[in-house]
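Encoded as structure tokens, the structure appears first; notes follow it.
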Amino acid sequence: MSVLSSIKHARDKVLDARDSRRLANLCRQLLTERGQPNSVNIATSALKLYENLGLASQHQFFNLLAEEFDPDPGVVLLLAERYAVNRNPDTLLALSQAAESPRQELFRRLNRAPGGTAVLVHMRELMLKGLATNPHWRSVDADFEHLLSSWFNPGFLQMQKIDWGSPARLLEQLIAHEAVHAIVDWNDLRRRLQPDRRCFAFFHPALPLEPLIFVEVALLSEMPNAVGALLDEKSVAADPKSFKVATFYSISNCQPGLRGISLGNFLIKQVAKALSEELPQLKTFCTLSPIPSFGRWLSKLDAIESTRLKPKVVAQLSAQLESFKARKQEALPAWDAMGIKDRALIETLCGFYLLHTSSTGGHSSDPVARFHLGNGARLERVNPQADLSKKAAKESHGFMVNYLYDLDQIEANHEAFMGDSVQASRAIKQYF
Amino acid sequence: MSVLSSIKHARDKVLDARDSRRLANLCRQLLTERGQPNSVNIATSALKLYENLGLASQHQFFNLLAEEFDPDPGVVLLLAERYAVNRNPDTLLALSQAAESPRQELFRRLNRAPGGTAVLVHMRELMLKGLATNPHWRSVDADFEHLLSSWFNPGFLQMQKIDWGSPARLLEQLIAHEAVHAIVDWNDLRRRLQPDRRCFAFFHPALPLEPLIFVEVALLSEMPNAVGALLDEKSVAADPKSFKVATFYSISNCQPGLRGISLGNFLIKQVAKALSEELPQLKTFCTLSPIPSFGRWLSKLDAIESTRLKPKVVAQLSAQLESFKARKQEALPAWDAMGIKDRALIETLCGFYLLHTSSTGGHSSDPVARFHLGNGARLERVNPQADLSKKAAKESHGFMVNYLYDLDQIEANHEAFMGDSVQASRAIKQYF
Amino acid sequence: MSVLSSIKHARDKVLDARDSRRLANLCRQLLTERGQPNSVNIATSALKLYENLGLASQHQFFNLLAEEFDPDPGVVLLLAERYAVNRNPDTLLALSQAAESPRQELFRRLNRAPGGTAVLVHMRELMLKGLATNPHWRSVDADFEHLLSSWFNPGFLQMQKIDWGSPARLLEQLIAHEAVHAIVDWNDLRRRLQPDRRCFAFFHPALPLEPLIFVEVALLSEMPNAVGALLDEKSVAADPKSFKVATFYSISNCQPGLRGISLGNFLIKQVAKALSEELPQLKTFCTLSPIPSFGRWLSKLDAIESTRLKPKVVAQLSAQLESFKARKQEALPAWDAMGIKDRALIETLCGFYLLHTSSTGGHSSDPVARFHLGNGARLERVNPQADLSKKAAKESHGFMVNYLYDLDQIEANHEAFMGDSVQASRAIKQYF
Amino acid sequence: MSVLSSIKHARDKVLDARDSRRLANLCRQLLTERGQPNSVNIATSALKLYENLGLASQHQFFNLLAEEFDPDPGVVLLLAERYAVNRNPDTLLALSQAAESPRQELFRRLNRAPGGTAVLVHMRELMLKGLATNPHWRSVDADFEHLLSSWFNPGFLQMQKIDWGSPARLLEQLIAHEAVHAIVDWNDLRRRLQPDRRCFAFFHPALPLEPLIFVEVALLSEMPNAVGALLDEKSVAADPKSFKVATFYSISNCQPGLRGISLGNFLIKQVAKALSEELPQLKTFCTLSPIPSFGRWLSKLDAIESTRLKPKVVAQLSAQLESFKARKQEALPAWDAMGIKDRALIETLCGFYLLHTSSTGGHSSDPVARFHLGNGARLERVNPQADLSKKAAKESHGFMVNYLYDLDQIEANHEAFMGDSVQASRAIKQYF
């Protein structure tokens, strides 16, 4: 480090220290009575100071949040005793106020600053990055999650259709955040926004230009068994008269600071509702989804018996499995080089794997499966050679899966899944 | 009651009873895990049932909310003890979850229904009407207030200018809700929306067509001492070059269901900021406000010594006061029939009354004064014969008052007021 | 006139004279080559000068327009000869340019000023008021009409639905311009904008806040026979399920400067198309129209034989007519005081009168009938006691008429009408 | 050609012939009285038929337009004689109606179809492509130009700012139509829409999604002498405080069907006005323009004496010119390989070339120079090595030029230019 940059560095540290103290004081002032009439200005100043701090000082600020704004244990205990002895509105109200972290009120008041919501969401995003190494921030994170969950309640979200007439500024965010099937360029994007494709996103009024989550839909004549055709830039848009099936083929979150806030479930159902109103000819709503953990599970198949599988299933598959496991020392051959029997075995195992998805999220369960099954969808069809990309070859040997959203069955399906019974089509269930 | 209507009445009661049970079950279901994937539909059904109930059944529903959705005292006590013994994120998180009323989560989930926010706000409005005779609803109301205060945080409100180009549907709500100087008809309204008058309102994105609160402003060449000219339908709009003073002459809440949620303070300051940016020539921001409690206070003036007045003030006024009180048996004469000395005395007493406004809201304090002084405004000028309406004659002998909003002094003024010292212009302070 | 106002008057005359000369020069400059690069500024200055002139000077300006901007007769004649001798694109182009009034190019260039279109439309409005006494302005008016007809071509008009959510600024123009059934106040207006009533207007993009023409529609369960119920402020909006008939009950022009530009015909048909798309259950599109000239015609009934009536019709009615005409010395009694026979006679005469509407607009024809029959509508039903207002009693003895718009028959109906044969329902035709 | 495609071809010809006849009949019907009430439908059908015709049949339709819809020479001559003998509004009106091509009324009625304006503009675009080989279409084209010039009058155009928040559908049209400095991809485009660059376009309300013309502007600290830096995708947006000069560096028409309609002149001036209002610190408005004809002129330099140059200029340059011309047999070397003297000579010749631009558009004049000088701009600075692209090397040896728009001098500059005197900076004039 040069002398000059050392000096600059030292000066920045001094400034940061000063600004950190100021920020702490503004936060304390916000929570006092006398900060009230001026709270918008104080919150504005506080968030500006925070944004200009260096990373280390921002982490210090998270420490301050974790240490200084907890409820007072003695007071809470006293009031909990009173409420236990004499349950009435007065004792309850006193308890409620004392038991809520002052942090939550602090966040609510910081949110009074213009643009405050966006800063708070990004603040949490930064904190989440450091959470693993700073486990004492968990209480701060819990308060964030609790508040954001209330503020980003579906009742406050606005679903918008996104198409080729949307602002470029918004469209480039789709390119940036697409997490399932990367958008290569603007031509790729344009194809995904043509009339036989749809894209919908949730927005929050306080973040008007930032999509929170978006889903891409293909309108098709039948349930698709491969993603290649869906993404083909050069394909011609289909005639609306042929639309029978709406397939959700990609869903991506755009705001890491909203982790844990349920959005996808609501978006899929609201989109299904909107589409079935616009296009009554749509009879089927399904997904074409990746199975990102299948490959890993398959590579550790030895452990299969130790899981909670039904004995008859293991018995049924055991001969094939033995041969399969014996060969596991070598890597699995590529699909093209595989024999028919092996192909059949893998397909069966894929159905098996998904059918045993656990709602409580055991390590072997596929996260995408848990999401859709937890939403109340049904496991419908396993598709080999459905995604020919390298990523999919590695993650899932090219397999993809359709989940079916039958809006009338969602609640029953979900309830069954909570009891660890996965609802599936007859085609899948027959294997087992 | 006729036989037929008796039958209908009986049938309605049966239906209501059935729907009440359904509503209760839907609320319970919403809070369970299995209600999750379908929660938007459940919430929609629940709110529809609620809206169609008769009044008595809606009150029963409030009873249910008050009785069934409190935190569990035993659990809270146990977790409060753990937190007191071992303060860490885990014990805190457990305590926080247990100490928050399940009612709050219930309201958040009901809010997932389309249009849910409006129903909840109107639900609280109804509950507030019966609160005095149903004090056990206070815990429900506290949860409403806590949640709505978070949801109607200034960071989520949108200030909009309202003018003659606004939708008629919106403008008729100004006519309906104007609480200070009634809007007689559409011509009266049109005058208040001409270029030398302004109107601003807060909206919440979930209630897009319902203003929450609005303020009316007159742009003038000097601080006004009477309201008649401001409201004169036939007055000609002033030249923008003459604007020097922005006077807030009316502020009205539109949503009784948001009682206790601070809105006016934020609106006034945001309007002052917006106007000073649009019209840099504006140097003064003030109000022309009623003094609704002055008349009542004056009629009970005997009690003045028993208040916490400074002795020298009482001494100073005592001679006049004695004569004044002696005559209190008779009603005060009308202003026109009053002698000069009496006029001067009343003006002095009016300043005196306002100058002794208490931030803690003693019974003798004027509510409008408490609002503006609490916002950090300064008591600027007392104006006799400022409002010639019958209502004002009765409430305040025709007096009005200007409060001055000096944005740089707001925090200091507020702090002084919290210490029960009212900041005032020299003109007012010299009396005492 | 006082001395001071005399001086002011004299000064204004001098200024007007100066500005008139400036205006004339700017107009000449606009038409030269050198005015081109600056034409927007020149046009802006010219229109500003025009608007600030006194009325007399504005009339002088119309004189200038009439005298100085005609085509050159000699040149036109020469080029017409060349074109007659040698018809080709060159001779045609030369002729076209010479034969068009330079006034038209002048108006096109004046229109380059921001807001120019509105000024030109209002300029023509003013000129039309003086046209009767200044017949030499007719060539100016013809150029105005020719240009405005091109600019206000239906392809450039935008139909907008107007409802209670429209800006008050726009709604007050409905109140101002309603020419058939006056809108009494805002409550009356609100009723006409409820969901079982519709209002549509044409706008031109260059006059965004000024409706050009608007039509009011009632959605009903059957063709109405009286207007009172339609206009009843206190009536409750009907259930959309009951809508079967759309009735145009009022159509009003808002821009006198657009006299002679066809708008109503296009508006009615575009509204009918839009409504039948929105509400496929609508099977009938009709009017409920006044018959403003019926009363006058009836009072001059002696002249009936001298018209081109079919002999058998006259024969059929002659006995009644003789008795009727004999009594014409006295005024007709009010409807309530009339005998049954007289009532029947008048109803017959009303149908007779309308059935003999002439497309060439003879003096005895009803203008509203000519408008709708010329649009291709059919005469459907005559309704006695349909409008109980004083105005209607005087104009049409309270009669109103339904014209039926059967979109498939419009062209045939119109063609027949051009041959002076009025298409009518069997109910009407049977009289004759 | 296969048998099958022969059959299809033959069938298409038959259908086209049938549709051509129908189209001709609809056009005739549109011009008769009986087509009036149904004209929107007739126009809609006619334009649909036209659009579906094959190219040969569309050309046949242009022939029909050219042959059948001219004014009647005999009638025009008769009425021109009457007007010449007796000039009054009646004779003028009769003449005007007879002398205008019925084609114009036909176009106005076709324009009544929804979307008609766009079809007509594209119809003219197609006709212009064949005009050179079909000179008899010139009368049709003249009517198109006359009408479109009236309809696309600046008073009806709407200037819109285009930026990164504009719809992608619109932005891709910029990429398609940029005619000066091609937009390579969306990253290139994004750079051109950052805050130190501006883009404005004219739109017509009847073609809401199609820009008519757009101009790109760079906001800079000084007048630029090369285009490379302006177009550098990776350059960082400049600080608004540094803006002093607004440079128009590209202007492109998007609608070939509007050839001959003046748009660029109005757009540049309206943009200059808007920018000087938004950013009062902008003191200079100039261009950085190509000189597309300079290279060709230079290669034919022998002819220079035969032009209307001043003798002293020729004398001054003659020695250099002789040597230059002597070498013309060989191609000019590339700039890098050129000696200093040659470079100076070419720069002088470039200024000389531009300074002798003729307003009447002699073959040797540069079209871009004629456009800007005709708009009233001044020739400000010649910049060598200003455009390093191959195209510019070929067209202009890499030279570009700044034209200065001094809004106060525009009219005088234009007037001088009309007299063939080019206004230029002292730096340029000193050469000569």
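Letters A, B, C and D name the chains as they come in the text, with residue numbers starting at 1 for each one.
Convention: a residue touches a chain if its C-beta (ideal position, glycine included) is under 8 Å from a C-beta of that chain, and two chains touch if they have at least 3 such contacts.
Note that the structure is a prediction, hence the values are computed from the model and not measured.
Counting only chains that touch, the fewest steps needed to get from chain A to chain C is 2. Chains that count as touching both chain A and chain D, per the definition above, do not exist in this structure.
Farthest chain from chain C (centres taken as the mean of C-alpha atoms): A. Computed from the mean C-alpha positions, the centre of chain B lies at a distance of 52 Å from the centre of chain C.
Per-chain CA centroids place chain C at a distance of 40 Å from chain D.
Centroid to centroid, with C-alpha atoms defining each point, chain B and chain D lie 62 Å apart.
Of all residues in chain C, none touches 2 or more other chains.
Of all possible chain pairs, those that touch are A-B, A-D, B-C, C-D. Across the complex, chain C meets chain D through its residues 33-38, 40, 70-71, 73-74, 76-77, 80-81, 83-84, 87-90, 92-93, 95-96, 99-101, 108, 111-114, 116-117, 135-136, 138-139, 142, 146-147, 149-151, 153-156, 158, 205-206, 265-266, 269-270, 374-376, 410-411, 413-415, 418.
Of all the residues in chain C, the ones that touch chain B in their complex are 164-169, 171-172, 185-186, 190, 193.
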